[in-house]
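Structures incoming, each one as structure tokens.
You will see two complexes here that share chain A, one where it goes with chain B and one where it goes with chain C.
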Partner chain A sequence: MKDFQYLLPQTLEEAVRLKEEYDKAAVFMAGATDIVVRMRDYLLTPEYVIDLKKIPGLDGITFSKEEGLHIGCLATMNEIAGNEDVRKYYPTLAAAAESVGSRQVRNRATCVGNIVNASPLADTATPLYCYDAVLEILGPNGKREIPITEFILFVRKVALERGELVTGIRVPYREAEGEFRKIARRDQVDLSTVCGTVLKFGDEYHIAMGSVAPTPLRLKKTEELLAGKKLTKELIDEAAELAPTEVNPIDDVRASKQYRLDMVSYIVRDVLTKLA
Partner chain B sequence: MRVVGTSVERLDAIKKVTGSAQFADDIQFSRPLFAQVKRSPYAHAKILKIDTSKAEQLYGVRCVITGEYYKKRAGLYLEDKNFLAVGTAKFKGEPVAAVAAESKEIAEEACKLIEVEYEELPAVFDSLDGMKPDAPLIHPDLHTYKVAPIFYPQKGTNISHHYVLRKGDAEKAFKEAYKTFDNSFYIPHVQHVPIEPHACTAQYMPDGELCIWAACQSPFAVRRALAETFDFPLNKIRVISKAVGGGFGCKAGTTLEGIVIPLAMLCPGRPVKLTYTREDEFQYAYVRQGLHIRIQTAVNKDGKIIGSKNVLAWDGGAYTEYGVNIVKAAGWGCVGPYDIENIATDSYCVYTNHPVGGPYRGFGMSEIHFAIEQNLDMVANEMGISPLDIRRINGIRPGGVSATGQVIDVAGYQECLEKAAALIEYDKPCEPSGNPRKVRGKGLAGGWKAPSMPTDAQSSVIIRMNEDGTFILLCSCHDMGQGSDTVMAQIAAETLTVDVSKITVRTGDTDHTPYEWQTVASRSTYCAGNATKLAAEDLRDKILEVAQIKMGTWKKDLYLEDGYVRRVFYPDIKVPISTFALGLMLPDQSGIAGPMIGVGSYTVPNNIAADIKTGLSPKPVAFWTMGVNGAEVEVDLDTGKVKVLKMVSVFDAGKVINPQMYEGQAEGAMVQAMGTALWEELKLKEGKVMNPSFVDYKIPTFDDMPELIVEVVENAEPTGPYGARGIGEIVMVPGAPAIANAVANATGVRFTRMPLMPDVVLAALKAKK
Partner chain C sequence: MKEYLVKFFVNDEPIELRVPANRTLLSVLREDLALTGTKEGCGAGECGACTVIVDGKAVNACLILAPELDGMHIETVEGLAKGSQISPLQESFIEHMALQCGFCTPGMLMSAESLLRDNPHPTRDEIKKAMSGNLCRCTGYKKIVEAIEAVAEKGVYDK
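Our next item is the complex of A and B:
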């Protein structure tokens, strides 16, 4: 690991100021479960690490039906997975958070970190894509919001400007049925080979898949095919055939491209069948 | 028996669970230096030039070496290995230079400053390719290398050993067969993944003494190999092995020691330390060799196998100094625990530009049985015989004959088979999963293994009695988690009739603990156990020798019981053995005899080398341990994921010294076998390890543990201590094929390559449809 200077701001304003000053030479740190691994492998060589953990008020998880769910940028995966409101109103998000890494990792890893890390296989991304979650961003020019689907641009590339940080995620509340699925080689402590969420809001469907393209994806064509229709076996078959045409996975050490296509089809088919 | 056969608590239990056991990397030295290694980015390349001048000028660097500094080759059986590349780099990641510096960071920085010019050479990435006549030669001077007389390198080829076995007349058997079969399998490289990575510190003293602290299974073998390479007399080189966090074979030979020693020799007085990271461990320590295996089988109409032809092409990697012996062992065991009259086997050790192959639990048996046991099921299916019956028909029985022509007097295979079949309820269909997309099946597989060691491998043990009647047992068979310390204490305690708590075991210091060939081959309970028993008997005899004076009767009238010397005819007359710890004080207060020390030296009796032309020997090994695993699996037809629901283990241990530790060994082995069957593969692409960490090299977690049932058969080993024979490796051997057979039973699809990863399984299921 390359030597770096460790900075511990006490306020959000200070954090923004530091990041604005050091820009690409600095990296924010929350749980550090992604950046420490990447720093050890010299994939990330920051001169400054800005630790957010001393800034008060960033670890909250709040919910109301009117305001929806709010996840602070220091809320950990285990806190999210164990939160009663999340479990009740966003069970797919709870399941996704609980599927990340090991219990020890989930004690440190944050959901916001998972999104900002912008891995194609970020487990919490697909439920957030389905719920049209919005990222709250603070920067030198104040606050702004951006939908998650516009936030993740490519593998490890996000729509943050100089000095900006994500302070939280807002997840609108909508009554939904559906499931999060993680297909991995091993059931515990593994990365997703494919992960996906299928949600049904009345007769509207949202489907998101991870690890099948440079970013998580919403399967818009499949969603359109299903919209407003009754789930028959024929329709489900059609959706399961259409879904893989909307993704573009690769062969890698975890699985073949064909397997990932098959799993997209399987997740769509299986969850829709359960919803029918 | 009082102690043997009971589950006494492990001697190392408290230290291990409280984290106070000291491992090689834990040792703190004053004024240490830290080593780092510059490695080849190419799988096969000529080294044109190495410029170390910039590295040498970096502040804090003490010395920099290249392969040119110490060119002598090393090797346990075949001296083909340079610890630092000389002339050519033969695998990706081979050390080409090394640095010792005041800190790890400086050493790392210095490695970056070393400039190396290479000329890339054509490389070999598959053993079958490596055997072709036009293959690039990895060791052009192979024929000049020093080699143990039982190995046969082939001049002008990449074949470092060709073991030939010709028993009976295989060609004739195939002509007369009712049916013949021809099946091929591939077993990829896997890694041992011990919880403790390799670590080593070397300190060279200005007076010429060298001390090495290493995580090693076999301090004496390491001492000898290093002494020969670096030209030390054995009294000037000392190897110390502390607690070892798992070996599974990878800490048996020499790996990083030879990088650290030359650095230490250039910095007299300064300890030089190198500890591998997990990523280093995956790429630069030993790996289990890959294997192409083709099995041809000739069967008569009753399902009796009358002939077997086998070709084994082992991917030995860049150096095969240790691997050649695995290739030979696989030849001896080539047909598994089956009595087959006509056999022709060729087992080849082939150099490739892959990571260095080395011993791994099973020593070739885990690999070949993946093929042997699946082949048996395939033959059985074609013949319309049940997999259980084909094993009943062909499985070895007492008096049966091994592939090398050894008569097997003690053979519990059939008992193990029946017991395992009963435990897995092989005759009954699986309970339905409740989901039509999840299908279940059962599989059986047998296996056997013998210790593969020099015909005269030796062990020795010293037991010292303390003044209070407690004992210090000194041996060099090393406890790396398998429990040998506890086993030795139990055998000594049994013989000396004392409680195990009275015996302290000290190991792993070539200056202070007595000679042991190696802690490998599932030989410790047997070989070191025999030496322990001899040492305890020697000590007992010495005690009785003195006791006869004290107790006023002949020695033959005396025996030990519960830590007392008693008289046969007057058992109430007893004297605590501590009375004789320092000899005996006579009534006039003069002393006779002296401190009690028992010595036991043991060599495997009557082991005979195999014939060069036929590979036959009436007794190439001390014993064969055999047994059977059963597995029940559930296959998800949608995701291709295989879940192992249950495994059973029944082996003929001769005599179990410690039932709880036996159970632990057998359970761990089943889970390790499951790991190799389902997930483990060192994914190699043009010599590069694509998954050198636990991110993408998956081993089982507790969550994956199936229901595990362990039972045992005990047909005593006539020459074993209290009837025991070795079991450490064999209990893993049939696990993977049992799972593969169960998957085939569940799905009708046969997997001739491991591991059974979900994408591979799903693709095969789809192809079948």
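Our next item is the complex of A and C:
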């Protein structure tokens, strides 16, 4: 690992100031489970690492039906997966958080880190896409919010400006049914070959898939096809046929493009059948 | 190279060290403190050979940067025994021959220890899930699960 300076700000303002000053030479760190691996392999060689863990008030997970769910940027995957409100009101997010890495990794890795890392197969992304989650950003010019679907721009590219930091994720509450699915080569401790979430809000459907394009994707055409309709076998067949036309996966070490297309179709068909 | 003063505890013993930023807890344990029970397998958070308990939670020592250690309470496999008396979990691993080459064993013990403290009577599925971040390349998983079940049945971890 290349040497770097380790910075430990005590306040958000100080963190933002440091990032504004050092810009691309600096990287924020929370659970470190992504960046340490990338630094070890010299894929990431920052001059400054800004550790956020000593800043108070960023590890909270709060919920009310009016305000929805709020996940602070230091809340770990295990804290999210084990949180009673998340399990009750956002079970797909709890399942996604629980599917990340190992118990040891989940004790350190954060959900915000998972999103900011902007991997196409980020496990917690698809439920958050389905719930229209919003990222809370603090920067030199103050606070702003941005929908998650506009935040992740490409593989490891996000819509953060100089000095900006994601302080938390807000997930609006809507009564929903549905499932998170992760298809991987082994049951535990693996990257998703394909991951996806299908949610039903009354007669409206939200579908998001991961590892099938440079970013996680909402399948808008399939959602429109389903909107307001009763889930018949014919409609589910049609949705399962349309869904893979909305994604653009690649062949890689984990699976072929065709397999991923088939899995998108399968996830849509299987979850919709359970919801019918 | 800048160094950082860190004060932390390993198996209840206070430690004070100056460390560079680009080292990990794993390397500090093995190279500075000569606690070589904690093993390096993959160095990337995938195999669990370096599992230690930090502030009550099982984590991979290879993914923690040395300057982060300040204020941490770290438990390693060397801390399981009390003097020359090995712990009931370690006894159970021996009794069930829950090891082959032994390289993964310290990590397995620390993951199991952390699981049993949180959940003194886990089901077989809970054990398998909690231990899934620890790889054994001799693939002797069955006896490891049995050793954990046996020590749980004895009620050693009951609160």
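Quick notes
One rule holds in what follows: the second predicted complex is superposed on the first by the 276 of 276 C-alpha atoms of A that agree within 3 Å, B and C clash if a C-alpha of one lies under 4 Å from a C-alpha of the other, contacts with A are read in each partner's own complex, and residues count from 1 in each chain.
The criterion applied here is as follows: a contact is a pair of C-beta atoms (placed from the backbone, for glycine too) under 8 Å apart; a residue touches a chain by one contact, two chains touch by 3 or more.
Just so you know, these numbers come straight off a predicted model, no measurement behind them.
Looking at the shared chain after the overlay, A:Gln258 reaches chain B, while chain C stays out of its contact range.
In the superposition on chain A, no contact is made by A:Pro249 with either chain B or chain C. After overlaying the two complexes on the shared chain, residue contacts for A:Gly196 are found with neither chain B nor chain C. Legend: residue contacts after superposition of the two complexes on their common chain; A:Tyr266 is shown touching chain B, with no touch to chain C.
Legend: residue contacts after superposition of the two complexes on their common chain; A:Asp187 is shown touching both chain B and chain C. Once the two complexes are overlaid on the shared chain, A:Phe4 sits against chain C while remaining clear of chain B. Within the superposed three-chain model, A:Pro120 lies out of touch with both chain B and chain C [touch as defined at top]. In the superposed three-chain model, the partner touching more residues of chain A is C, compared with the other of chain B and chain C. In the superposition on chain A, the residues of chain A touched by chain B in one structure and by chain C in the other are 187-189. By the touch criterion given at the top, residues 638-640, 679, 683, 690-691, 695-696, 698, 700-701, 703-704, 757-759, 762-763, 766 of chain B touch chain A in their complex. Those residues of chain C lying in contact with chain A across their complex are 1-2, 4, 20-24, 43-46, 48, 51, 57-60, 62-65, 67-68, 111, 114-115, 129-130, 132-134. Across the complex, chain B is touched by residues 183, 185-191, 193, 253-256, 258-259, 262-263, 266, 270 of chain A. For chain A in complex with chain C, the residues that touch the partner chain are 1-6, 8, 29, 32-33, 36-37, 39-41, 49, 51, 53, 78, 101-105, 107-108, 187-189.
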